[in-house]
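By letter and in written order, the chains are A, B, C, D, E and F; residue numbering begins at 1 in each of them.
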Amino acid sequence: MNLFIEYIIAALLLLGAVFTLVGAIGLAVLPDFFTRLHGPTKATTVGVGAMALASMIWFANQPMGTGFVEILIMVFLLLTAPPSANMMAKAAMHMEVPKVGNTRGDPWGQ
Amino acid sequence: MLGRLSFPQPWLSLLLFSIWQLLADGVGGGSVVVGLILAWGIPQLTQSFWPERPAVFKAWRLPGYLLLVLWDIVIASFEVAWLIISPRRPEPMFISYPLQLDCPQAIAILASTISLTPGTVTADISDDHKILLIHALDTRTAEEVIEAIHNRYEKPLMEMFQ
Amino acid sequence: MELVFALAIGALTAGGVYLLLRARTFPVVLGLTMLSYGVNLFLFASGRLATGSQPVLGTAAQYADPLPQALVLTAIVIGFAMTAFVVVLSLRNLADHGDDHVDGDPKKRTPTSKHARERRPL
Amino acid sequence: MTHWLLAPILIPLLGAILQIFVGYAPMPLRRVLAIITSALTLAAAIVLLNLAGDDTYRVYAMGNWQPPFGIVMVLDRLAAMMLVLTASLALLCHLFAIGGTDEGTRQFHSLFLFQLMGLNIAFLTGDLFNLFVAFEILLIASYGLLMHGSGSTRSTPGLHYVVLNLVGSSLFLISVGMIYSVTGTLNMADLAVKVPLVSGDQRFLVEAGGMLLLVVFALKAAVLPLTFWLPRAYASATAPVAAFFAIMTKVGIYGIIRVYPLVFGANAGEMANLGMNWLFPLALATLIMGVIGVMGAQTLRTLVTWQLVISVGTLLAPIALGSQKGLAAALFYLLSTTWTVGGLFLLIELVRSQRGSASDKIVMAPQIRHRTLLSSLFFFGAVSAAGLPPLSGFFGKLMILQSTTSGVEMAWLWGTILTGSFFTLIAYSRAGSVVFWRNIEGEIKNSTPVTPLLALSTGALIGMSVLMVALAGPISAYTSATAAQLLDTRGYIQTLQAPMVEEGS
Amino acid sequence: MSLPLVVLLPFLGAMAAPLFAQGGRTAIAIASTVPALIALAALFPHWQTLADGGVVLYTYEWLPALGLSLSFRLDGLSLLFALLILVIGILIILYARYYLKPEENIGKFYGLLLCFMGSMLGIVLSSNLLLMMIFWEITSLVSFLLISFWTHKKGARRGARMALTVTGGGGLALLAGILIIGQIVGSYELDDVLAAGPIIKAHALYPVALTLVLLGAFTKSAQFPFHFWLPHAMQAPTPVSAYLHSATMVKAGIFLLARLYPALAGTEQWFYMVSFTGMATLLLGAYIAMFKHDLKGLLANSTISHLGLIVLLLGMGTELATVAALFHVINHATFKASLFMAAGIIDHETGTRDMRRINGLWRFMPHTATLAMVAAASMAGVPLLNGFLSKEMFFAESLALNLPGYWAWLPPIVATLAGIFAVAYSARFIHDVFFNGKPINLPIYPPHEPPRYMKIPVEILVFACLMVGMFPTISVGPLLYAASSATLGVPAPDYKLAVMHGLNLPLFMSFLAFFGGLLMYSQRKRFFAFHDRFREIDEKAIFEKVVFSLGLRANRFTAATENGSLQRYVMLLIVSALAVAFLPISEMGLFIGSNGLTPVDWPTATLGAVLIASALATAAMHRERFFALVLISVVGLLTALTFVRFSAPDLTMTQLSVEVVTVVLLMLALYYMPSWTPVESSRGRRVRDMGIALLAGSGMTIITLAILTQPFSSISEFFLANSKTGGGGNNVVNVILVDFRGFDTLGEISVLAIAALGIFAMLKNTTLTPPPGDGLGHAWARQSHPTMLKQIARPMLPMALMVSAFIFLRGHNLPGGGFIAGLITAVALILQYIASGFSWTEDRIAMRYHNMIALGLLFAVMTGAGSLAFGYPFLTSTFGYITWPVVGKFELASALVFDLGVYLAVVGATLMMLVSVGRISPHSAIRAIPSESSHDADTTTLTQRETE
Amino acid sequence: MIAIVLKISIALVVIAALLNVYRLIVGPHAPDRVLAIDTLAINAIALIILLGITLNTRMYLEAALLIAVMGFVSTVAMAKYLKRGSVIE
């Protein structure tokens, strides 16, 4: 495996891990449910996506051959993250989970 | 009778066929045969689960849109990451987004796009499919968000579905 | 490594047993579920622990013991069927007695309510 | 390799599958198919009984894999006997069920046949984990059957039964894990070879595993202190189900007879006769508990459920003592008590159906219809259950009593069994005289007629105790030979050498 | 052959009796007499053999292992009893013809009577102790049914139960005694046992055996302190009292003592136990008889007394006493049976048995009165009647008994005293009934003589009393001699059966008894007054009370132990498991085996810690149910990760997919349940439970640690070696599942299928009202199917099916397989249910889940059975590689078809389970919604809900 | 190099998982917990991918795929329960 590819893999892995961590930090530190919702839905999705890409490249350079399952993982993650977020937000709005004080606008309660 | 042998949803069949080639780790004789069988059989089994299909769907516009969204996801993710790490408190806002799209599939794609692109999450779709409720993580005004979404995503979608 | 694994099984068992000894069906179901996690890990452990040597021919130099894995797989499935049944049975119990106490009819139960206290969640 | 060993498994399985398919077909068709299945299972069991009579072991290697690697079914005398017992009980209960109790849900017949299949696998299998699977099949089917019928009384006892058995299943798995973790095998014959060789700290693991397995079997058999789930569960089940469940406690006993003499028997070195010193006093305590239960019973159902507990204690005491005579006696008694108790459950249902709101409560009520028939059947059932001459229960107890040699054990066993019989006699005579003779003025409305089918199936089960006396000679010869076969473990171990079907043969 | 026939005939008659019941009383009586007559006739040919001191034996092997054979023996003793049983039996049959009313259940009566006759003959003719035991208990059972013949009478039912309890219980003791004797002797054959007398008596268990045998004999023969059942048995119809409770069954105990005489008698223990019991019974019975106002009560207590007399004689242990005992058996049977029949006639004709009301019957029924008076005189021991003779012998033997010191006086005094009472109550029977003024307030008045034939049996018996009394040697001499010899086991001693032995001490005692008795009767008022000062004990009431209180206590005990508390039962189970595992585990030296520990990597340790924390947190936070559910999902997820970490990809996937389905199921259930659990146990209880949990957890930890560090080898080498070559797959786990242990998998999918069917059946007609809102007080939201979810869920389905197909097809060679694929499909469909609703989805699934399950099972079975056609065992797999042009090399494995069965069964079962639960939701009841436009559907649902 | 990066990445993801668990325990509301476990499941995907690269095997990727496909369903079920009570209706 040439060094360049190794660098790319390493960079993707680190990027992915950092994004994952940042998403988690967001989940841990952001002030209310609705702001926390942003962390996982993107940072984590992107983070895992980067790692999946790294994995794909890694195995493409291994003797046992390529695979594209990683792409499918990404597809499913991207496909499912929005409805998950939607459903959770709906639940939170329904339960009247308090929003942080400086939020403008109102959630619905439908 | 012949109708049953056709591909009821050709785009889906194509998609499934491609997915199978991905899953089967490369295109080969066996994977093509099995892929074809599945690409034919699965839509047959599931077509009744898609009762209302969009009247117009310009599928060729989809890849471009997806690339756009993907790019936005990557770029904007950094913004959110920065926002999370930075000590500044975000200024969140609930925004009602007036929809111009009316096809439910298109609305779902738009809502998903909004959710995936950093800084906004679709919190809800109104029952009459006229308004999206968006939660923006950090924005000054509602208008800039509405504007951005409308121009960047809703317009291409309207072209695709109308 | 073995110690962590053993402690995990211990915690699952302990938690499961404690929940099994509760008076309502829901915690009992949770207890059964958790106990079966513990038991599955235990049965799995009877083939010892292996890292990176999954029992798929040609993918590793050495292979983990495949038999316990097959047994655990069977046990998971059976456990799932049983859990499903017991969940539904507790619903029937609830429907029949208007109460999810494991001993059924509130009127016929030996009173334990001396200690019963209502508490709001969250 | 004779394919007959498959028959008691595949016949009920295919019958059950068929029942699912025809679930919405007219009731008569489903009933006929169900009964045919049960009858064929009995026929297959009888064929196997005939085969087993020559004292050789027959091995059926599932998937043509050599034991100990594949799963084997092993036919010996014990297995054949249990198969016939179960199939005969099942057929008669099934006949009773099609008299009307099978209505309510469309799943009754398939559940019933699945349960039969599970039982048959349990009796045939030569593999410890497959025994677990068989237990689960028969348990899950029994859960379903237990809940069959209307009314809100059975969900709680059902829940208790299920939860306890699920914990029991966990214990079973733990014990399988412990045994496998040392011996590296699951085949029972292989275990019999490997367990005596275990030494050092590993021995304690196997020992603990073996003891846990005993707890599992004791739970199924309802040995004290694991008895208490039984009375309410059985008392709440629909009659043919409760009657069929008379075999369920025997499955626990079967497990003990199957595993312990073989794997932890006299040849097991340091682990010889594992757990039997615990089992004996517990068996007697179970017997006593059963007698107390019978004495205190306020309904006929409860009475008979505790009778079931008595029979468990009576059976396990000689088994724990481990002599060949004792084992033979226990097997004879097992046959007798299973049929009798099953018959009593059916009979009580008939009595209930005649007594309106008095149901099976041991209280005065207006005179019932079919009193002569029902009270005579009760009399015979009670005589056999209490172990009085001239019915088979007496012979079973007599054999058990005779099997002990003088000593402390004899004093305990005799004292307990005979005193137990005495109190049982009091309880039965009281119950019978109140229910059948102590009548008040009035008439019972809504009594359902006792059809010939119901009477026949009930009578046949209770009548087995007469048949057993008539055939006491051959039956006791069979059980003696069975006990001898069980205690001479060499034959079973030989099953490891069973030849496989060769390529192209 | 004739001996078994003698026993068998009455039983055959019993079975036939109900058939003749239609023909009326005469027909059935005749039909019942026939077997008895034949049996009687069958005995006669043997007479010569017996008279010569021989025995007739018949043996047929039955259960050699038990020592139980069908062996019969006829000797003098058994002949004596057999004749009593048959002759009196025939008379009773005749008598009962008139005694019973036509509307009574004569079929049952005669059937039982013949049953009794057969079993009684069985007792006396058995030559095998176990066989005798069987007949012994049958007599108790039949007696129970006969006493309670009038089931509507409370007294009859209670008397019957009491009799059964005492005699049946005694029978159990006897059984134990016989078994001990059998163990000592090594045989139950009478010949062996009687020959082994010295061995038995010298054996350490002899006292136990004797006590047990005596318990059997004494209870049956109503000896003190077990005498109380007999008077209450008099609730039976009089023929029964006469037959069972005076002439025959109560003599069974005496027969037993006589039968086992050579084996057991002749020891001090025998002497003291038997003679003192007899003495006490003799006196007590005589005393009570005096005070009974009930005619049958008097006779019953007199019977007790006479039985005591016979027992006392047998206890004395001398040869002459034994002869006397047997003689008295005959005499008592004759006079007492006739007295009972007379009493029955009086009862029959007056409607009462109360002697205070029955007076002066002489005027109304002189014939009966004469008969009764003769019989009563015999009972009193008046000369020229048979009772006198045996009583005389008894007095003589009581004098001959050499007890030390003053004790020597005891037997004669007791004998005389009993004689006085006997005369007194006999006098009462004669005077109070037939004279003593006029009847008072009789239910039937005026009484008449009974039908002619009803008196014939009495006449025959009274005639016998006279004959024996006057010509003893001719009438019973040879029989008594044969019986005595048979009993003693040696030729009987010289004795004279003369009407008069001259003036001697026994005659004086008789004299004393006679006049003393008359004096006592004349002073009866004082005695009655004296007796009335004591409260009469009602044994039946006591018995009922004891039984009731036993039942109550038993019930309380049962209720306290079997209290219906699952928590207790589970606790017992877990504690049992801990207890039995503790000992072996505590014996282990080191918990860490020879392989030692491997180093920990910190990510695993951290996640392990999270797993542990989540598990404990689930237990700690279980009251908040939703939270607990989330926590247990974490546990499940981490368990799945553990499987990845330790090289079990198949398990990971299985665990994950099962986890999802379980969570959905729990959510479905939680909807109907309270959202939180109240505190229900005390602090102490929780601490106890924590203790148990902690012990269980530590136990599992220790065992796991021990296992993981022990060296190991297993049969799995075989699987690894043969997976590819024999099973055609690289994924050994999958090959084990579908091939090596495919039978387990067949069982496993059966379990799933059964669970689904069971759930479906259980939820049929179950209605549950969900709470109106969540635990926080929010009403549930109205919108049921959110647009976004719906729109995403639909494309998910084909994609998930694709993944499912992928996982399915690769399973044989790589992680995956039918089970996981099935769960993916199921979950994808469940998603449709969640997103679009029950009816919408249901309408789109082509196949009924029942059929899907059945089809899956059928596929699996048929694949397995396919190998049968090729001569291979069930589930033998086959696989091959096919090369197609263009396509390339394909593997075709039968295991794949098997796995397809698994797939179908899993999909069907999983969906059926979840959907069944979904079905009980009240929303899903609204099914008449046009489902084309889902948006409209939502609105419709809303409207409908609002109008509800 | 990759080995070190993998170690660092795993460490970061494990820390991320701990943070998720923190949110899950702290809550304070049920939707927070659902969000936390949803994120945890995605972290698990990351861990499985990283483990696969570390052990150089693709055996585990399908497990990750399964989480991606199925984890979503339990999140949706939980959220729907919180809002609507009835998950399938």
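Basically, a residue touches a chain if its C-beta (ideal position, glycine included) is under 8 Å from a C-beta of that chain, and two chains touch if they have at least 3 such contacts.
All values derive from a computational prediction rather than experimental measurement.
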{"item": "Those chains which touch chain E and also touch chain A", "value": "B, F"}
{"item": "Chain located farthest away, centre of chain D as origin (C-alpha)", "value": "B"}
{"item": "Pair with more cross-chain C-beta pairs in contact, given D-E and C-D", "value": "D-E"}
{"item": "Centre-most chain [mean C-alpha coordinates]", "value": "D"}
{"item": "Centroid comparison with chain A (C-alpha atoms), farthest chain", "value": "E"}
{"item": "Chain A-chain F separation of Cα centroids, rounded to whole Å", "value": "10"}
{"item": "Geometric centre distance via CA averages, chain F-chain D, whole Å", "value": "48"}
{"item": "Inter-chain centre distance, chain E versus chain F - centres from mean C-alpha coordinates, in Å", "value": "60"}
{"item": "Inter-chain centre distance, chain A versus chain D - centres from mean C-alpha coordinates, in Å", "value": "57"}
{"item": "Sites on chain D at which at least two other chains make contact", "value": "129, 133, 136, 140, 143-144, 147, 156, 159-160, 163, 167, 174, 177-178, 180-181, 186"}
{"item": "In chain B, residues with contacts to at least two other chains", "value": "19, 23, 111-112, 122, 125, 127"}
{"item": "Multi-partner residues of chain C (each touching 2 or more other chains)", "value": "20, 25, 28, 40, 42, 45-47, 51-52, 54, 56, 59-60, 67, 71, 74, 78-79, 81-82, 85, 89-90, 92, 95, 102-104, 122"}
{"item": "Full enumeration of touching chain pairs", "value": "A-B, A-E, A-F, B-E, C-D, C-E, C-F, D-E, E-F"}
{"item": "Touch list for chain B against partner chain E, complex", "value": "12, 15-16, 19-20, 23-24, 28-30, 32-34, 38, 42-43, 45-46, 48-52, 104-105, 107-108, 111-112, 122, 125, 127, 129"}
{"item": "Chain C - residues contacting chain E, complex", "value": "1-31, 33-34, 37-38, 40-42, 44-60, 63-67, 69-74, 76-85, 87-92, 94-95, 100-104, 108-110, 112-122"}
{"item": "For the chain C and chain F complex, residues of the former touching the latter", "value": "51-52, 54, 56, 59-60, 122"}
{"item": "Interfacial residue positions of chain E with respect to chain D in the complex", "value": "61-63, 65-68, 108, 130, 133-138, 141, 144-145, 148, 151-152, 154, 157, 160-161, 164-165, 168-169, 171-173, 175-176, 179, 182-183, 205, 547, 550-559, 561-564, 566, 568-570, 572-574, 576-577, 580-581, 583-585, 587-590, 593, 700, 703, 706-707, 710, 712-716, 718-719, 722, 726, 739-744, 747-748, 750-751, 753-755, 757-758, 760-762, 764-765, 850-851, 853-854, 857-858, 861, 865, 867-868, 871-877"}
{"item": "Touching residues (chain side chain A, partner chain B) in the complex", "value": "18-19, 22-23, 25-26, 29-32, 34-35, 37-39, 41-43, 45-46, 65-69, 71-72, 78-79, 81-83, 85-86, 89-90, 93, 99-100, 102-108, 110"}
